[in-house]
């Protein structure tokens, strides 16, 4: 069946498969201490705008998104701290309490188009330290954002800079979840680059799973920001991959010949065409965004009809007769798929 | 200085001091396995309306409120579950993340006068199980309420019954935090009795610390509801008192000759007089309630003046020039204290 | 450089690569809810001796060994329980405290040839319940063994049966870590089959990572033994793979045409030849075992020489001039590799 | 019945009861921010040998011993670290896994007369850092000792100095559990003073519960060694006492007119007389020590007889017909009690 359910329903780029086949019997050292991982890290650092002659970021590869959020947040927070997130943030809603499992609270702020507003963050921090009994409360110890957000929306450079400024003023790290980062970087009209993100955050990750890797997320700590013995703590979380080079070579491929950005661009172009198709058929958009996720309100009868031929994602019920569903394009979406979809809309 | 800051600023009832002096050199077995504890449990069970010939509740004594909330919630929840609470609930705001420290999320619902509405709880549960991806989310596994609430408000019997019904429909326990239970039970107009609470909840606690014990909370599990090896888990939490009989004899005293209820009644009467005094002086009430906590809006200049002679509790800022403060009466409040206060208002 | 360092230095069986290439652009549902995973589970259940007309085991796929140990142990134990293991057990030594991270103690017993002795386990359990203050101690709540053990040794059917009997007598689960299970099942002289393990344990896992999968471990719970909502808890641990079918299709391949057993047999045959080569050159064996790990004592000067051409694993220092090292063969070891190694020994 | 079961079977010193009665209705600020607590801290600092003109220790009061061990250890360790202890250490055996509950491993070393040997600690640390795969293991991050030990034995100044030296060499804190500290300081022949302990450790606690307080332990962090926001973390652990002044005034009393040391001396004198009584009746000592706990081997028939009139503590079974039991004297033991005991021995 035709699937627009998500951007991780296919395996991986052919380049990755080829690289895995080519290196399959090489005999490589485990746990990410290999040459492929080292090479991938160099390429990522360069793509983030680090020059060879300056302090380098520390980069680690992990397997999945929830795992990465859990490991990064729990290792960067002190025991008495929680993490600030939008109330729609993935860590607070769809990760089965992975952050709380490690002992930390998610401190929520109402979202604005899926995003955290710097002024709201500042106001929370100010109110916290203004409360006489704050020592009986969870300290806000980190800010978590995703880019694109859960609603596919993007921060502007101004918004991201404002968030960064608040975090630095209060000396707490800014963490950007980039599970779909490539789709954000390639969106039309965005003024945020990978180098901006590297410069304005303390830690972020470059999502692989949703961008055409079999699996894998690249965590980039700004120079000096990685927690001591992060490596051991990934082991302690059960998050260390024995054949760690599999992560390295996937990111090596993704950051060779601009593959990562091309993957992003494809999804954006296909989403553009799909939006036009949907508009032409009279669908109503639930929340507009410039990335690869398209949220539309569908009448339930129509939806039932549609789902005979196409997989989409349930998002939420609007009322008894209407539902918000998500169409997602991705690195693997083709025009042929869109042609077929058009016949069912 | 005159203090209306809280209901735990004095030591304890004279009866408790006397009992402690009388038994001081007895040589008693530790960890709560003593006769005083056994006797106190019997008296509490009887006060809760249990007849001798029926299944008895399991009762445990712990030292403090946050500790009790932490131990009860973490031992009753499964690993994949969180606890539903009002967004003003003590566990989510003023306990430094003690619940999250044990690995569980607090799932919040906007409060109504400091209380959880049964319809809102039902709606959360319905929505949760209606979401196709609920297995990626924290399961709602318990409902936490406090009676009186953080705002001193009380559930009616109808409201409590409705909450109990929803919990039983979804087979999750209802936990009532009774840190100030006596002030609730003795409030004018309440139709909720201790026996109602014992019957409608799965577990609740009878607060001692705020009701004239030096310390101590009595946790009452409905028959068959106590977690297996709860005793060992209190040890594991560092919550087991070596000289456990000190808890037993305090509750023995509190449940002898109606001392607990008398303590509650005193606070209610004194609060009644204080409300009249405040109204007479033109103070505005922030949120009305029938118990021992009185929330008033004070102009900041006036507040500064007042605080030269009286301790009150900062609650929250209203605007740049007004503040909500709390006056609390308690088991130890006297008319003499009120007379003096009247001169400063 | 020639590597005998471990059994996970190569990628995977050609059959797996082929299957991944063939299905790469299919569009498959995520999180392990796919057809490949379902098919693999059926094949594993059959290999474990389950007939179609009886209660089936519940099978889950996870990514790595430490992760699997952490998730299985923490979800099967109650909060007040710990897990019994040999003092050499992987969970207690080389997993960075992953079990303790989830709140549970590893209760150690001195190993016998890397194994747990049923009589020692029984004696620990008897002593525990005989201690008047056992309610102040961690309850033994599970037995963890590995087969092959850390030293490559194997349980006999009699030993495994005895362990199973003790566990059932005390009503605690027996968990078998089968990270290298195939090398154990194919060892010469073993009388333990996969069906025996399925029958005698409550949960075990069939290691993929060390047996020629890119990654992946198949957890097999005996019928009725899987913890409630295990799926959600894998998510909570950050252990759920988005493209879960990658695990399913690897195990599908491993359990097609006996690939898993062939992989085991190859390592055993190669280890047999290697043992003879080492003996012929006068090496001393540190601890004998019938599986794919060979521990030899090497003089440090000789070792330095050897390591110019061959990677082996440091195991432990014997004295100032001798070291125990491990040679590991695996599914990917070839005679050509052994021919070359022979020239360096 | 006559009890020599433990040193916490009586309430408290008369001086403490009097102070509690005198201050009972004062109206005191909560959570340990009161004058009594401040005064007690000053007295303790002075008793530890701190001059007014030098950096002061940070002192906190907690309620019980297991709680104190849990809070101190978990807040001083980094996530990737465990605590080294003797295999007989209280934290590893009789605290229901309270340390593991916070995510940390107890790394055990075989005891020598209930004590940790500095050479053994150094050897563990050396071996750890010498292991090529130590980053896959729990880092030794603290040393825990108790003085007196579980067997009532004492460190000499030389032994304590050696432990301190190893810890400083490896930059990990030395933590001394002083639940029975007064009995150690007052033992005959000891050359270790309170000032030595303050100087040689990074944190230790002065036990109150077993020395004649109703409850309470005073944690003393060397200057600059207290974890950031320790106060909030005690709240997070459920370990903060609302009426915190009750701890302060008990330690105020204990450190006034040498009460703490007198309490210790009484127990030591009574233990001396008891040892002579036991020897005269032909009892065999299991392990000799100079403090208030006396371990003797008793024939089971004789024990049964004895227990008709006297409570003692079961320690361990020697064989089928003999048992090790403990007699404990304490701050409350009188000659009259010993006279009576003598008739039963």
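Just a few scattered comments:
So that you can tell them apart, the chains are marked A, B, C and D in the order they are listed, and the count of residues begins at 1 in each.
Please note the rule applied: a contact is a pair of C-beta atoms (placed from the backbone, for glycine too) under 8 Å apart; a residue touches a chain by one contact, two chains touch by 3 or more.
Given the structure is predicted, the values throughout are model-derived calculations rather than measurements.
Contact with subunit C and subunit D alike is made by A, B. In this structure subunit A contacts its sequence twin subunit B using mostly the same residue numbers, the overlap exceeding half.
In terms of C-beta pairs in contact, the better-connected of the chain pairs A-D and A-C is A-C. For subunit C, the chain with the farthest CA centroid is B.
Centroids of subunit A and subunit D (each the mean of its C-alpha atoms) stand 50 Å apart. Subunit A and subunit B have centres, each the mean of its CA atoms, that are 42 Å apart. As a whole-number value, the distance joining the C-alpha centres of subunit A and subunit C reads 33 Å. Within subunit A, contacts with two or more other chains are made by residues 79-80, 95-97, 101, 103, 135-137, 232-233, 235-236. By the touch criterion stated above, subunit B contacts subunit A in their complex at residues 79-80, 82, 93-97, 100-106, 130-133, 135-138, 314, 317. Against subunit B, in their complex, subunit C makes its touches with residues 74-75, 78-80, 103, 135-137, 139, 228-229, 231-233, 235-236.
Note for the complex: subunit B touches subunit D at residues 1-3, 5-6, 8-12, 14, 17, 20-21, 23-30, 63-71, 95-98, 101, 209-210, 214-215, 232-233, 235-243, 246, 311, 332.
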